[in-house]
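Chain nomenclature is as follows: A, B and C, assigned in order of appearance, with residue numbering initiated at 1 for each chain independently.
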Amino acid sequence: MFQTVSLSGSRGERQLFSDISVTVKPGTLLAVMGANGSGKTSFLRMLCGLLLPDGGAILWQEKDIRQLKELYTAQLTYIGHLNGIKDELTPVENLKVSAWLAGDESSGAIVQKALEAVGLEQSVHRLPTRVLSQGQKRRVALARLWLSTRPLWLLDEPFASLDVAATSYLTQRLQSHLSNGGMVVVATHQEIALPTDSVQHLRLAR
Amino acid sequence: MSQPSMSEALRGVVRRDLLLAMRHRSDVAMSVFFVVIVASLFPLGVGPEPAVLRMIASGVLWVTALLACLLSLGRLFTADYLDGVLEQTLLIPQPLAVLVVGKVFAHWVISGLPVVLLSPLLGLQFGLGGDSLGVLTLSLLLGTPTLSMIGAIGAALTLGLRGSGLLVALLVLPLFVPVLIFGAGAVTSSLAGIGSEANLSLLGACFLLSLAFAPWATAVALRIALE
Amino acid sequence: MGINWFKYSSPQAFHPLAGRMIPWFSAAALALIGIGLYIGFFVAPTDFQQGDAYRIIFVHVPAAWMSMFLYVIMAAWAGLGLGLNARPSFMMAQAIAPTGAMFTFLALLTGAMWGKPTWGAWWVWDARLTSELILLFQYIGIILLRASIDDLRRADRASAVFALVGVVNVPIIYFSVRWWNTLHQGASVSMTASPKMAATMVTAMLVMTLGFWMYSIAVTLARVRCVIAERERQPSWGKNSSIQEVAEAR
């Protein structure tokens, strides 16, 4: 169970949001929405522990994440704006390393299956990521979700630069994660095609 | 829930960086060529007289190795910072200081170790012989990883800043001075016949001290840079 | 003491308090430095070996001491800031750095002024001067690091980390430079081999040091006030500012 209590944050001189309290129960997705610059990314980074909030607390299983530290980060998978992949390595190599570092299955066969599941054809699996398009690179970054066994997913605009097919693959994957009792927090501009009883909305406004 | 063990995470980080270096083999060559070229500038500037060269050898070769390390620091974290890999590294559930050791180690293998291996040849160019060549190599073997670890602090503090190249130099050179003194001092005392054990032990102490503290300071600096 | 000191830990309250303290410290500084200089330049006896040129030592040694003390104090404030996540501590560290750098430069300058008539060279690579030089680099590094970072929070914390790293380096530098000096025999000039200290000389140096302390405190308080004023212009100061104030401030 995941919740924020009276969270407030600022970026440099600007105060972004204040007094945000939400609870995310297992099997639900929290969609964080708001205009550009409203603090969605900062909010997500606070949930990761990368950014310190001005006030309030973030609780995982009712314990403050600042005290849990690594016990908390072991529970989450974060995919931010940046893809977190190396241009010089192939998608297969990138995913193998990510999976290895996350303690997930990282054998060649499983990695290839994950890449296919996100819609990346076999032919590009062994090309350096440098030559792929933006959309393809985003898919490589998102492929981690097909290998992740962690309960909490924090995703920053995962649907950006995805085409219709990839969007539906991702939505399906999110659905199966939620069905398994996982939790997702997504910063997004668009509505997500999931059953309404499993989706909460949080609108950040200045 | 799966979680990598500390050694698995460490190995993963080192393997990725070494794999990347193999795709960029020019990086290794660059450090080596830099040292060779700069070391050759000194005889050109000072004159080829063997006695003079032998006297300045320890200082010249050590400063050159130090500058090579300094220049390579930009490659330590910047690429990872720009493509998002660094923030993922911060989220790995293992002590960041340990992962930093991994990165610095891989970085040293690429930029520092080649210089150490090349040093006997450079020493010969400057008229060093026998014992002092050995001492030169040993001092660089102890010293260059120390410089990399200390330099990592500066690299982390200046991540993503404009003009960071010069700023890193300014921050890190005062921290390099003791290592330089003991390292070059080892070679000098070997040439003077005094024996280099004292300097080498101090150098070893610097290595251990930096291994104990520098990665932790670097980890703190990285978190600050990524906020 | 009956005063509630925590009341002054908020910068808004500290600003006027600092303002009231500055004149006292300035006056004390003026008095003590004046007395110190008088004793040093007029009362203390002419040195047997070095004549009257040695008198610059009454500025050189206290300045060198101050450069070291101030670095340690700055690092202490920096450490406090990092530990407590307290902005006022960072502001104190920020305020001290330029004064520390100034004293380091003064020590180097007076060192050169001493060296010229005594040993015929404007610069000698002796242990203390070389260590002071490296200390100056560390001060400049902190100031430039802060200047290079736009984000205030990152600037505070990064320069704090560097201050702490630097303070660990200071004793190591002193040891290693001394070591280096003994290794390279032939550097027979040494400023640590200073003239035998008559009682008046010691008094003069202590008085000067105290005067420099007063000066440092006065200047630091003045600078902290500037820093507070600068930062208060930024609307996100403190949790009490509302969105309304944010809009008005633009």
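Quick note on the criterion: a contact is a pair of C-beta atoms (placed from the backbone, for glycine too) under 8 Å apart; a residue touches a chain by one contact, two chains touch by 3 or more.
Here the structure is a predicted model, which means the values were calculated and not measured.
Q: I'd like the most central chain, judged by C-alpha centroids against the all-protein C-alpha centroid.
A: Smallest centre-to-centre distance to the global C-alpha mean: chain B.
Q: Taking CA centroids for every chain, report which one is farthest away from chain C.
A: Centroid comparison gives A as the farthest chain from chain C.
Q: Approximately how many whole Å separate the CA-defined centres of chain B and chain C?
A: Chain centroid spacing, chain B to chain C, equals 32 Å.
Q: In whole angstrom, how far does the Cα centroid of chain A sit from the Cα centroid of chain C?
A: Their C-alpha centroids are separated by 48 Å.
Q: Can you compute the centre-to-centre distance for chain A and chain B, using the mean CA position of each chain? Integer Å is fine.
A: Each chain's C-alpha centroid was found; their separation is 36 Å.
Q: Touching two or more other chains, which residues of chain B qualify?
A: Within chain B, the residues that touch at least two other chains are 227.
Q: Hey, what residues on chain A touch two or more of the other chains?
A: 52
Q: If I count partner chains per residue in chain C, which residues reach a count of at least 2?
A: 153
Q: What residues on chain B touch chain A, complex-wise?
A: 1-4, 8-9, 12-13, 15-16, 19-20, 23-24, 82-85, 87-95, 223, 226-227
Q: In the complex of these two chains, what residues of chain B are touching chain C?
A: So the residues of chain B in touch with chain C come to 153, 157-158, 161-164, 167, 170-171, 173-175, 177-178, 181-182, 185, 188-189, 199, 202, 213, 217, 220-221, 224-225, 227.
Q: Name, in rising order, each residue of chain C that touches chain B in their complex.
A: Going by the criterion above, the answer is residues 82, 134-135, 137-138, 140-141, 144-145, 148-149, 153-154, 157-158, 161-162, 164-166, 168-169, 172-173, 175-177, 179-180, 183-184.
Q: Help me check something: in the complex, which residues belonging to chain A touch chain B?
A: 48-52, 70-71, 73-76, 78, 80-89, 93, 97-98, 100-104, 128, 149-151
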